[in-house]
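Next come the structures, one after another.
The same subunit A turns up in both complexes below, where it pairs with subunit B and then with subunit C.
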Partner chain A sequence: MIVTPPRLSHTKKKMVLHRCGVTVALLVLISLSVIVVASRQESTLNNGRHDFQEELVISPLQSGDIYASFQFRTLWEADFFGGNKVSHYRLFPKSLGQVISKFSVRELHISLTQGYWRTMQWGQPYQPSPPGAELWVWFQDSVTDVDGTWSELTNVLSGIFCASLNFDSINSIQPSASFKPLGIGNVTDHRFLRYATLPRETVCTENLTPWKKLLPCGSKAGLAVLLKSEKLFHSSFHSQAVHIRPVCQDAQCATTSWELRQTLNVVFDLYVSGQGKREWSLFKMFSRTLTEACPLASSSKIYVDVSDNSEGEDFVLSPATPLLRQAVVLGDRRTFSVYDLTQKSTFGTTSSLNLLIRWKSSDAHMLRPLLHAERYVAGYRLQSGEIHTLMYNNHPYRSFPVLLLDLVPWYLRLYIHTLSVTSKGKTNRPSYIHYEPSKDRVKPHTLEMLVQLPPNSVTEVTVHFDRILLKWTEYPPDPNHGFYVGSSVVSSLVPSIVAMDTNATHECPLFNSFFPSKEETSYFVRLYTEPLLVNLPTPDFSMPYNVICLTCTVVAVGYGSLFNLLTRNFQIGEPRPGVAKRIANVIRKMRGVPPL
Partner chain B sequence: MATAEVERRRARLATMSIAAVVILVGIPLWWRTTTTYRAWLPVTQIQELAKLQLLLSADVEVVFARGTLTPEQQKKITVTHTQDEDHDINGETSLTYRYETRYRTATIMEEDALSQPSAVATDLSLHTLSESPCGSLVVYVIPESSSLLPQDVDVYVGQRRTALLRVAAETKAAKTLDQVLAAVEPRVKEVLQVMSFSHHDITAALGDRVRLSPGSPQRKADSMRSFKSSPGYEITFSLLNPDPKWHRLHWDIEGAVRTYVQPLLSKLSPVANFSVDSQMLHYTMLGVNAQFDASHDAYTLSVESLAHVINPVEARLGSNAASSNALLNFLLYVPDPQHSPLRILDHQKRQVASNAFHSPRWGGIMVYNVNGFYEANGEAVDVNINMAEVMGVFLAQLRLLLGVHPSAPRAGFLVAPPGSSGLSDWELDRLMWSRSVENVATATTTITSLAQLLDQIDNIVINDNIAQQVSSAIASLQLATAELESGNLAFALQYSKEAILASERAFFDPSLLHLLYFPNDQKFAIYIPLFVPICVPLVLALLQIMSEVHQRRRDKQAKKD
Partner chain C sequence: MAAPLTLLLIVAVTIRAALFRSTFAYWIAERVEVVSPLTAWKRVVEGLALLDLGVSPYAGDVFHETPLIIYLFHFLVDYAEITFILADIIVAVAFYYVVKDYNKQVFRKQKFALEADRYPADCHELVRTPKEMYYIPLKAALFYLLNPFSVLSCVAKSTCCLNNAVVSLFILATVKGNMLLSAIFLALATYQSLYPLTLCVGALLYLMQRQFIPVNAYRLSFWWFVAQYAFMYLGSLLVMVALSFFLLGSWDFLPSVYGFILSVPDLTPNVGLFWYFFAEMFEHFRLFFLCVFQINVFVYTVPLAIKLKEHPVFLIFMQLAIISIFKSYPTVGDIALYMAFLPVWILRNVFLVSCVLLMCSALFPVLWHLWINAGSANANFYFAITLVFNIAQMLLVSDYFYAFLRREHHLVHGLYPKKKDGSEATLVLK
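== the complex of A and B ==
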């Protein structure tokens, strides 16, 4: 498999760490005094067992939009696997801790997203997520009834995050290769994995409030004061996520700890929020400025991506900072201006920090991401259709393999013999296919395949399906809106220039240490395609009553005539005399003559 | 003429046979296909449950030490005495308390134990001699001359299930054994009131079933304080830090739970399951702005404002997502230097010594002031919290909230302080008595109201699993009452818990919600198009036949005349 569990061999890990150290030492231009102060701060705050870090990355996107990515990381040294009951919480939120221990969760990843990440305009996000809700969980191998635990867990998570995650075995699958554990641990038996999405879920304030409550400082101090819902939801893209995984405490991995990462990614439309001016500030984006770091955080930093602005030709960043840091993000070497909120000097004389970027030029050029995917439904009429998935490899000379995962609900009946994969007009035979057919009302289709994408090509995956007429109670409210089919997941190791390191050390920024990668010449990318909206044949819902009335009428007519035939008395009647005869008889009666 | 008559007869026959088909086939078919499945419920047994007659029986052993009886009296001593005490609570609930008292003289080893220098040592050595089962009591009658008890104390209630009773002069005067027993008996009863079930506790436990007259406000408050019986309790200790800029708080909650709370909980484990959590919450304020009170030189919270403290805090506490057990909260609030020291005032505007209060059926809050620690430069300081002080307060609140009431001290009684576990054996017994009765009462109410509900609404489907739960609840209830009668307290509590679980499962079964609302107008909207066209001609034809028959009979009558 190309996605490997991140347990590296010892030598390799050391080497990677070493490399990271070297790059940092070579490339980071930091004044020495700041470093000394920062490290002392860390040692006093971090008592070894609990640690909290917060971070905000601001990247001006090529399209002119602004991408802000918050990350809050809580580390907690605790051993859940040993079986002893852990119940004393300090920085780690109690509600999530109870969930982990009660349901024997090894890893939990939940994201709630409003809007669709436009890879073509915005490039790669630091944490990809599909529209709507996505949840994937690795259970510990001590769990016997995984399905039961999964449905209980989703109920509890719905309660915690105020979302309606009604996941059970009907809409969840067990991908065999696409979702490998991101933390330590050697369980890769996908029986203990559950994955489900809910593309229709809308995300709003009621989901943000419980998410903020999980932070040690709440929204009272630190970077979280910026998270005001009226601004966050007035954006092109909003995604909040919670990732829990076990990680190594140190390089030797002698002790393990739980890592809770809360991430929030938001893309602001510059022209809407800036009234046509290409200029933004923290206050314009969030209607707040920063005054302090969260006192509980051992590190609290803001990074601004200034790579495209090395000579200051594109925009001006104020206040200027002497701290620059280079890091390899998504296969690209980026330069960031760093603002350390734990330093008083960062806030200047006004004791508040309001970052401001003013653009000089206004020309935006589109970038072509190396890997890009899209999907649509083809076909007409309400009987059958075709799902087309297009995957673009824009690399000029290298081909690389991608893993494509499709979760298709049972009410689209896939015909796997019609599956065709073509690139550059030729059939491209997948090297690995994992297909689990659906069972009506029991489980969905799982289609997973490993496809090699030739350089500079478009690979098209098509599959036919039939639309099913559901039972009338199975239609959701407003069935004419259509039925959602969740995003396809494209996971790949994309060739890159620089290696990435998986194990977050204190020298490396958080945002580029999320996905593990082993091959040093490539970096991990996960892409989500658009969700599909498919129309199913939808009956007129007053129909049952109409049918009852019509059938009853037919039955009544048939029965009535039968009943009439059977019960009527038939007698031979005298034919009635004609009109002339009757008139004649009347006249004869008047005359006293006997009638005719 | 003849053919017309034949025709008419045939028509009549056809009508009759169609009517017969409709009645014999159509109606049963319709009935069968539209009927809701209702499993059989043991209705008579449920109706029996509506009348609750509980008999609580406690074994009491009264042991006479040397020097309390004359040798003649000692020879006759092996007497057993059963005494019943009936109480009618209301028309449908009655209680009987049965004390089965056995009298005997002390054995040699017991005499040795009674000759120990202090009451505490005696209590311990008597316990090592023989362990009395749950719910039973041993009262040792010691002579007046004994030096075990201080001068003004007549009764010593031990940590376990024993009491020492010093007889007064009246037994000396008594000649026969019966007179001695008669003299001892009221004293023994007093002891029982303290150490075993009291009428007040038991009627309070029946509160779910019987609406009692409120009585005094103090009594009402007492009865509302403790949690309802629940199969499990989740205890959460929360440390509230309104501003971590000023102080970093450290509390050794693991150690404190291990040392102070866990012994009590393991002692209480027969009553319910307990789990203990703790958390630290930052930036959590109380809901009330404390006012500075110069007379106390502190910020103060008056009794009236305490009611408003909890709600804003509760939003941060987090509900217990992973279980549905009752939740007990204990909050430790460390005010920030701007609002410190913070004192809680009682009704008389005096400072409460513990600086803590509790809220009935919710938990407790304690304010912990850390004034002395702050430094002038405004740097955050590290504060270690004295857990012994905090846990002393929280344990006292926990005992109250769990329903371990301190009974009113009686004159001449010396109650031994509970040992390291924080709970005496007899206090546990009292709690188990009232919990068993409460469980039985709650389970009977649940089952009877479920039966009533199912009886009233015909559309509810009763599945087999519900019937099964109801039957098992009833079986457990019967077992529980039987065990209460025979005085096996531990088993009675166990069965009563099973009964309550089964009854709740039956009552809250989701399948009972299906088809709850199937209104009649919709039913008729579907039936009318089917039934009216079929039934109207049939009924009319039948009416015509009847009128013909009637006509013919009248004709015949006329002919006869």
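== the complex of A and C ==
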């Protein structure tokens, strides 16, 4: 048990109060010191003992949809490493803190998503996630039984998020390269990593409510007021996630803090639901307006992406804000209007903020994303098939490597010798392949490879598989619906548009623009392809008894005939009368006539 | 005699080579009747690919061949077609010499019996003439080489062909009286597919008969001979298993090959009885029925050996047939092996059995198409035809057995049994 500084100051206070009763003369001094201590405590709090920030980014998408991305970030300086028990919680949710310390988690990323992110229409999301549930966890290297801990952890998380995360070794894998720790710590031994997805998991209010309860202000104040499930789930895409990771406290990185990032991304199809009018407001989207920031938050901001509207020719944003912020987001230079909710002036005279954008024109010009991937199953027969993964590099002159990760369940039997990677009609040998074959009813296939995508090309990865006939009890209800196969994960460092933009040199000084600056040349992108729906051959579920009886009969026929021949010998016997004669004899017997 | 055999071989090789080059080869290699999870060529290639990737071929559930097969095809993967054609030639030539040798003995025995006047007077029409027997070895080779089942399994590059070659070499070594080679090939066959284990009884009986050792549990010479053979057999089996261990450096192949054969986890449809039965089985009875079904291969060994102790070659035939009916992953290649013996003895209901077998062979792809490709039928259709196919095989085997027993009975008791009063009687099994 580590005695944390707030407790220390607390005991000091007590001591001080004890002394306080001694003399009146000391009272003034003491009360002064109490004030000093209290103010010190206040200052340590502000320095990041606990810190909570909330943020909403609203990006009008080129397709006419609206992308709203909430982020709630809680920072806490606590030591969970080495199985420490921490019992004093303030902003950080206790349920998650206990999960971290009990299961020795280093990093935890869980997302629950309804709908598929359409990269070709919407561009890149800020936090990518596959349809259904996704969970990946890095454990601390003190964990000995990783599989056991993983299965316990997933059960606990199922309870916390009201989801049915049935993850065990049958559907979880250990990717070797695609999922690296995002926080500090250089543990890269992938024995401590587990990754699993559930592509069929449906996300609903029951998952949102426990997620909202983890927020310091709940859904009572701040941006979380907007999170009304009846509106959030009436959307094209909904994704909620929780990310926990250790981060550095300061530049020296002497102490670590834990970061809890709760994100919620939602895409509203307003162009369709708005009766052809391209116009949206906070009230129209969330049926709420904002009145205050969360009182516990150190920062509470709304960003609206106005990059495509620099001269106000496309849309009008009201109320207008003088605050503009430029940033390089996903390789592109974007401009955002900023609304700071901690300022009283933001809410204006009505003391409520209802952002409103009204479009002037309805033409949309789409910038193609530089990296894009899609996947499908080929083959119509129930015996075998092919998985095709297409990866598009739309960069005009740069090639870049991508990591492709496939998690294929055991009931599709992959044949790795049929793996072919072609781009521009030529074989493109992956420079790295990590393949773990599946074991029936034990573990899935893991296929991970590093492929170089040539500029302006489509790279096709094909692999054959067999569809397996399962035992009749292994099929889910409605087996002819098919089996879901989770999304492939494409991870890459994509050369950024900013580095591509030669016009940028007009703005920068010449001495600075010869070598492209490091942090802007490329950016990390993780893409998820569509999940697959694969049909498997099915037995007839209605007749197990018949099958058992018929097969046993056939075996008995074989046994009987062999037994007959083995145990009997040929002997001279009476010739057996024919059937007609026997029937005649029966009739004759009844008539009382001697038989034939 | 060598000329017709050579001609036959040329024809057989031409057919196979032509099919290898045709577009059918791919279609045939996909047929579940021809390849099983144990023998599919696709899986051999996959095992080699896994080895190239640095993954143990037994880490996954695709590869179930023995390590020696990996070792063999590590060198021969580019000459696979020649290897498989060669394996078929070996089977055919081995059968040719086996049957020739066996006929020689039958003829000699018959001659002694005739000289000693042991046959009843009325069964001279049962005695086989040299003219009759002249073409039987060639017919046996022909039955194997031109059997569509063996052609298909060769074209599909099913490793069943290699197992057949090993088994036929074992029979050849046994019939030639070479005890050591017989034990080694039997060990190799057992190592490859486990079930040929039961053939050891036939081999022992034959070798003892040849060396005039009485089959008598009270005689020391009998036990000494059994011990010798068992030592050679187990010794060579041990060497093979140890060699496999040293090739891969792990025991992973034991559960992956023999555990896979015995516990039947892969329910891919085939011509056998296991797949649908265990797909529809209630989970808590699974182990029980697994034992009940697997025991069928082994349980007939002792009764058959007792009944057929004078006829070990027929015993080997019976065992081969029983293995191919009751093994967990049967293919048509296994059936082709025991069918090669059919010209050697006589059969009762040739028309019925051959009609049923032909009908089933035609219906297999049709019902498969309806279930898997067209989606207009379900698994029961294909299952029904496997049942009929297996009943036909059982009918074939029991009829063959019946005919053999009856002929032997007639050779002792005369062709036209008479009752005590001299009137004509019929033979019944009692």
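Methods note: the second predicted complex is superposed on the first by the 471 of 596 C-alpha atoms of A that agree within 3 Å, B and C clash if a C-alpha of one lies under 4 Å from a C-alpha of the other, contacts with A are read in each partner's own complex, and residues count from 1 in each chain.
Here is the rule we go by: a residue touches a chain if its C-beta (ideal position, glycine included) is under 8 Å from a C-beta of that chain, and two chains touch if they have at least 3 such contacts.
Everything numeric here is computed off the predicted structure, so don't read it as measured data.
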Next item on the list: Could you look at A:Leu470 and tell me whether it touches subunit B, subunit C, both or neither (first, second, both, neither)?
Entry: second
Next item on the list: Based on the superposed arrangement, let me know which partner A:Glu460 touches: subunit B (first), subunit C (second), both, or neither?
Entry: neither
Item checked: More subunit A residues in contact - subunit B or subunit C -> C
Note to self: A:Val555 in the overlay: touching subunit B, subunit C, both, or neither? Say first, second, both or neither.
What the structure shows: both
Next item on the list: Have a look at where A:Gln571 lands relative to subunit B and subunit C in the superposition and call it first, second, both or neither.
Entry: both
Checklist line | Touching partner for A:Asp168 - first (subunit B), second (subunit C), both, neither | finding: neither
Check: Of the two partner chains, subunit B (first) and subunit C (second), which one does A:Val547 touch, if any: first, second, both, or neither?
Finding: second
Check: Does subunit B (first) or subunit C (second) touch A:Tyr435, or do both, or does neither?
Finding: second
Item checked: Contact residues common to both interfaces of subunit A (with subunit B and with subunit C) -> 548, 555, 557, 559, 564, 566-571
Notebook entry, point to check: Hey, which residues of subunit B end up touching subunit A in the complex?
Noted result: 4, 7-8, 11-12, 14-15, 18, 236, 244-245, 253-254, 257, 275-280, 282-283, 316, 318-323, 380, 525-526, 529-530, 532-534, 537-538, 541
Note to self: Considering only the defined contacts, which subunit A positions touch subunit C in the complex?
What the structure shows: 380-384, 410, 413, 415-417, 433, 435-441, 445, 466, 468-473, 537-540, 543-544, 547-548, 550-551, 554-555, 557-559, 561-562, 564-576
Checklist line | Complex contact set, residues of subunit C against subunit A | finding: 30, 32, 42, 45-46, 48-50, 53, 55, 59-62, 265-269, 273, 275-283, 289, 292-293, 296, 300, 303-304, 307, 322, 325-326, 371-373, 375, 378-380, 383, 387, 390-391, 394-395, 397-398, 401-402, 405-406, 409, 413, 417, 419, 425-430
Next item on the list: Within their complex, state which residues of subunit A touch subunit B.
Entry: 85, 87-91, 93-95, 98-99, 102-103, 156, 159-160, 213, 216-218, 220-221, 292, 295-296, 545, 548-549, 552-553, 555-557, 559-560, 563-564, 566-571
